[in-house]
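Please go over the structures that come below.
Presented sequentially are two complexes of subunit A, the first with subunit B as partner and the second with subunit C.
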Partner chain A sequence: MFNRGSQRGRRVIAISPNGPTGNGDEVEARFLAPHFESEGFPWLQIFGYIGSLLLTIAALLAVVQHILSPIGLLTVILILAVAQAALQLGIFMHLRESRGSTWHIITLGLGIVIALGLVGMSMWIMTFKSGVS
Partner chain B sequence: MSSLLAQLFPPSTTRNMELSADVLIILTSAAIIYYLTRWHRWKYLWREWLTTVDHKKIGIMYLIAAVTMLFRGGVDALLLRAQLAVPNNHFLGPLHYDEIFTTHGTIMIFFMAMPLIFAMFNIAIPLMIGARDVAFPRLNAISFWLFAFAGFLFNISFVIGGSPNAGWTSYPPLTELAFNPGVGQNYYLMALIVTGIGTTATGINFLVTILRMRAPGMTLMRMPMFAWTTLVTSVLILFAFPPLTVAMVLTLFDRLFGTAFFTIGRGGMPMMYVNLFWLFGHPEVYILVLPSFGIFSEVVATFSRKKLFGYSTMVYSVLAITFLSYGTWVHHFFTMGAGAAVNVFFGLSTILIAIPTGIKIFNWIFTMWNGRIKMTVAMMWALAFIPTFVVGGATGVMLGAVPADYQFHNSYFLIAHFHNVIIGGTVFGLLSGVYYWWPKMTGRLLNERQGKWAFWLFFLGFWVTFMPQYALGFMGMTRRMYTYSHGFGWSSLNLMSTIGAFVMGAGFVVMVYNFVWSQIHGEIDVTGDPWDGRTLEWSTPSPAPEYNFARIPVVTDRDAWWAIKQDHKSNVIQIKPQEIQDIELPKSSAIPFLMGLSFFVFSVGMVFSWWWIAVVGFLGFVVCMLVGTFDYDDHKEVPRQVIQNTESALGRLQG
Partner chain C sequence: MNLPVEPNATQTKLPLEFTDNHESLKILGFWSFLATDLLLFASLFAVYAVYQSRIGMAGPSPDQLFKLGPAVVETLLLLTSSFTCGLAVYEMRHGHKTGTIAWLIVTILLGIGFVTTEIREFVSYIALGDSWHHSAFLSAFFTLVGTHGAHVSFGILWAITLIIQLAGRGLTTITTRKMYMFALYWHFLDIIWVFIFTVVYLNGKI
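Here is the complex of A and B:
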């Protein structure tokens, strides 16, 4: 599957001790194989769901009721948004259910770079408003 | 009652053209219903197609939908060109013209190009990487049905409720309620939201499929090029579609619930819509063209009988294009005036993309160098792509130069440029893919002579249509004008462009004739490998059995099937009876179809602000989710006896 060393070699990673059989049982490399935590009842997920609903409602109410000055409001909803993202990743995106962090770091890193890039550049583009209005 | 009728059939739906469309729609539907009933095909349709989760059948459904939408979008295009053929023409009124260019653009991008891309993904990817289906087969069907019902929703707008008319980009304030009453714009918003959900799910699906389900031995750097471009396209989809959905939902809120996200008078910022739209729109351009780059890489290598030149450079250029494409979106609105620093940054990043793209062009040319080139229709589309895309790319660099862009912006130069890259890149590539993989889909070869006629008509028609438009742009003709006066001197070039458009239309008709004729009389592909192919899909029979591979192949090299053939080991596709094992496959399900239907009902409720209908649709969606979540009986075992019989009938059983 994943050639973790040289990308140029002709090396086939032996997945099962007897080599691939071609019957579909070895299509996933060991370090990528899913590692599920099973529980009797998904309490954590239900709390996570209620938690994300509460965070969303809190953000909406804060804005609709104008509880703070614009800068204060922005800070509050930003904090709520980061908390929400952490909660979603931790509970629903199976961030804790893994045997290795390699892929998490790559994908999260890419996600953060792109998200910050898009948001940051959007803010930069929109600064023109101060010049024209 | 009369107010309801007035809401459903406003004046824009009772013009002669719309009424004739009504008659055609009713007659066609009646004919289809009669056919299905007369030949007892309803159950077959439901069992084999509407509830299927098989990637091969979903791919075929995407293809049929895309060709249908190409027809609709093409008719729109011909109407536009007919209006512009001569000066001072009154064939279409100004509002009618607005409606038609809006639906033309939206349908061509979201309901023609995107499904055609997903058709190629579905048909080729699992077979290419040696998998038995995609990672989430039911989600794949859900994606399809969300797209199909969204397309249906968008397409009925012009006969029921009124067509959207603010252009495919639909900028506020033109889309705000004050300037655009009626439901047309709601249709646009709901259709894009619903199909966007399906597209995002497809992105996730193919990303996981390619990362997790490749045959043993197929490292990332041994993947076929099309798998690489599918992988990065999926990543692009994941980041590009959320901004679009946000822009659409915020506009919908402005229209339905009285918010003011984009209303400047109440503190909103219409420019933010433009920013969000192109945050999606620019990566979208690469979502459209990268799969075609992948197809060219397969087609050129196969029909030159050579391995792809510079494989790793190709991979790195694809990755570079992907990364750079996130940082170029402002070039769609340089004239907004965001300042010199912003414009220069985005102008440079735009022009930078020409470098990896140029590398790819040279790699394709070097792949053909000294190859034994076979001029099949698929290869001709790939060859036609190179000069066409080079012209489109060069004019793109011209548009990327900021000072020049201030002159070109929203002129026919721009129109010619983006048709040049989207038709010359995306459409030529996808048609190449259709001709290349058709035998794998259907088990029959397309007639080459008819295919060449279709190719030449479409290709020449394309140049005659769009080259005059570059000149018209220089002469000052702007986008979206519905008529012009004689004195501007644009008449002959416009007439030429219209003639070209009708030649392209003729090419399309020949192509559809080619598809239908070949399905009835075409040569049957008995080998499963009609082109002497290089990748694993050609090791399967045409069409592949439900389980794709009786035994998952083991990959030792790039161009896996070619390597197997070179080693004289092509008899590995013969399987011994004692080696056959039971195969687990996903089971058909009605949930994807019903979920699409729920979204449709919900959307109709939102479009017309009939809240109770929206609630019904939403409840339908919740029920589908619940039933689907607790449905553990979602797979089936294909017993080895069945596989043995199938393989034996295909002549692939040893001994």
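Here is the complex of A and C:
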């Protein structure tokens, strides 16, 4: 149940079923109030689509035209890919939308940290060209 | 069957899929699944990054194997399907059942186009003798890209069952939650493909 009430002049949204418990959920709710979009026309989606197309075309042209050294090119297209992932997350996956808590961002963040560690450390360990390779 | 809406939840103008506490938790649970799926793909990316230069005694290098044409077509199809899936959620949020189903059908057709293009690409490689058992690089390539293609194929089947449910039951707390989850899954696959396009195809042409 969402109890909208006033507590010391500030608006509080309780996220527990029985209203504010006094155990911290009010604090969480105050800063992470439910946030949902309601636009009249899907401008955001159109912006996201055009943005992702532009980022893809930029990466493709950069590689086809060989505008930089190999290391520079790889850096640029990886940055473009990360930008496009952020765009998909923010616009299409409604990352900012939540019901009073943002545990999905924490879960996803942990997944990203482990994923980067997995890929990065695998590549790092294989740069030691010892007997096994 | 529609779950009872909490009395005061309607006043906060929550989207239908977030009005019920348990359905909201299922969405959080699906984010956890996506985090673990991310780890699956991270493992395959790690294998590819390590083995992309190891072509063994025979077999082509990434530069010799890939043609950018099919990869660009696949990227455009998947980016557009991600957009139409976003429009389906937009229509759902505005309570338009027909619009939701229509954009979902467009999404499925684009997804079928993607899978078809990818299968044709794989067949063209195998026809030249570059099968997955030929070198460590080819094994890593077919596993990584094939796992993503299997995810998309599963997503198409999921979307078909979703359309049947939406048509039969309308926009309820449960069907909108399922639609929201499918959208998360589909956009997640688009993000994975962006990295496959970058790390596998574009990187192979540098």
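Note that the second predicted complex is superposed on the first by the 82 of 133 C-alpha atoms of A that agree within 3 Å, B and C clash if a C-alpha of one lies under 4 Å from a C-alpha of the other, contacts with A are read in each partner's own complex, and residues count from 1 in each chain.
In this section, contacts are C-beta pairs under 8 Å (C-beta built on N, C-alpha and C of every residue); 3 or more make two chains touch, one makes a residue touch a chain.
Computed from a prediction, not measured in an experiment: that's the story for all the values here.
Asks: For A:F128, select first, second, both or neither according to whether it touches subunit B, subunit C, the two together, or no partner.
Replies: So A:F128 only meets subunit B here.
Asks: Touch check for A:A81: first (subunit B), second (subunit C), both, or neither?
Replies: Second partner only, subunit C.
Asks: Using the touch definition from the top, say if A:L73 reaches subunit B (first), subunit C (second), both or neither.
Replies: In the superposed model, A:L73 contacts subunit C only, not subunit B.
Asks: Considering only the touch criterion stated at the top, classify A:A58 as touching first (subunit B), second (subunit C), both, or neither.
Replies: Neither subunit B nor subunit C is touched by A:A58.
Asks: Using the superposition on chain A described above, determine whether A:L118 touches subunit B (first), subunit C (second), both, or neither.
Replies: So A:L118 meets both subunit B and subunit C here.
Asks: Per the contact definition in the header, classify A:G48: touching subunit B only (first), subunit C only (second), both, or neither.
Replies: In the superposition, A:G48 contacts subunit C only.
Asks: Per the overlay, which chain contacts more subunit A residues, subunit B or subunit C?
Replies: C
Asks: Scan A:F92 for contacts with subunit B and subunit C and give back first, second, both or neither.
Replies: second
Asks: Residue overlap on subunit A between the subunit B contact set and the subunit C contact set?
Replies: After superposing on chain A, subunit A residues 1-3, 114, 118, 122, 126 contact both subunit B and subunit C.
Asks: Mind listing the subunit B positions that touch subunit A in their complex?
Replies: 131-132, 211-221, 239, 243, 269, 271-272, 275, 279, 312, 326-327, 330, 336-339, 342, 551-554, 556-557, 581, 583
Asks: Once bound in the complex, which stretches of subunit C touch subunit A?
Replies: Where subunit C meets subunit A, its residues are 6-9, 11-15, 18, 21, 24, 27-28, 31-32, 34-36, 38-39, 41-43, 45-47, 49-50, 68, 72, 75-76, 79-80, 82-83, 85-87, 89-90, 93, 183-184, 187-188, 190-191, 194-195, 197-199, 202-203, 205-206.
Asks: Flag every residue of subunit A that touches subunit C in the complex, lowest number first.
Replies: It is residues 1-4, 13, 17, 34, 36-39, 42, 45-46, 48-49, 52-53, 56, 59-60, 63-64, 66, 70, 73-74, 77-78, 80-81, 84-85, 88-89, 91-94, 97, 99, 103-104, 107-108, 110-112, 114-116, 118-119, 122-123, 126 of subunit A that touch subunit C.
Asks: If you look only at subunit A, which of its residues touch subunit B in the complex?
Replies: 1-3, 7-8, 10, 12, 15, 20, 22-24, 26-28, 32, 114, 117-118, 121-122, 124-129, 131-132
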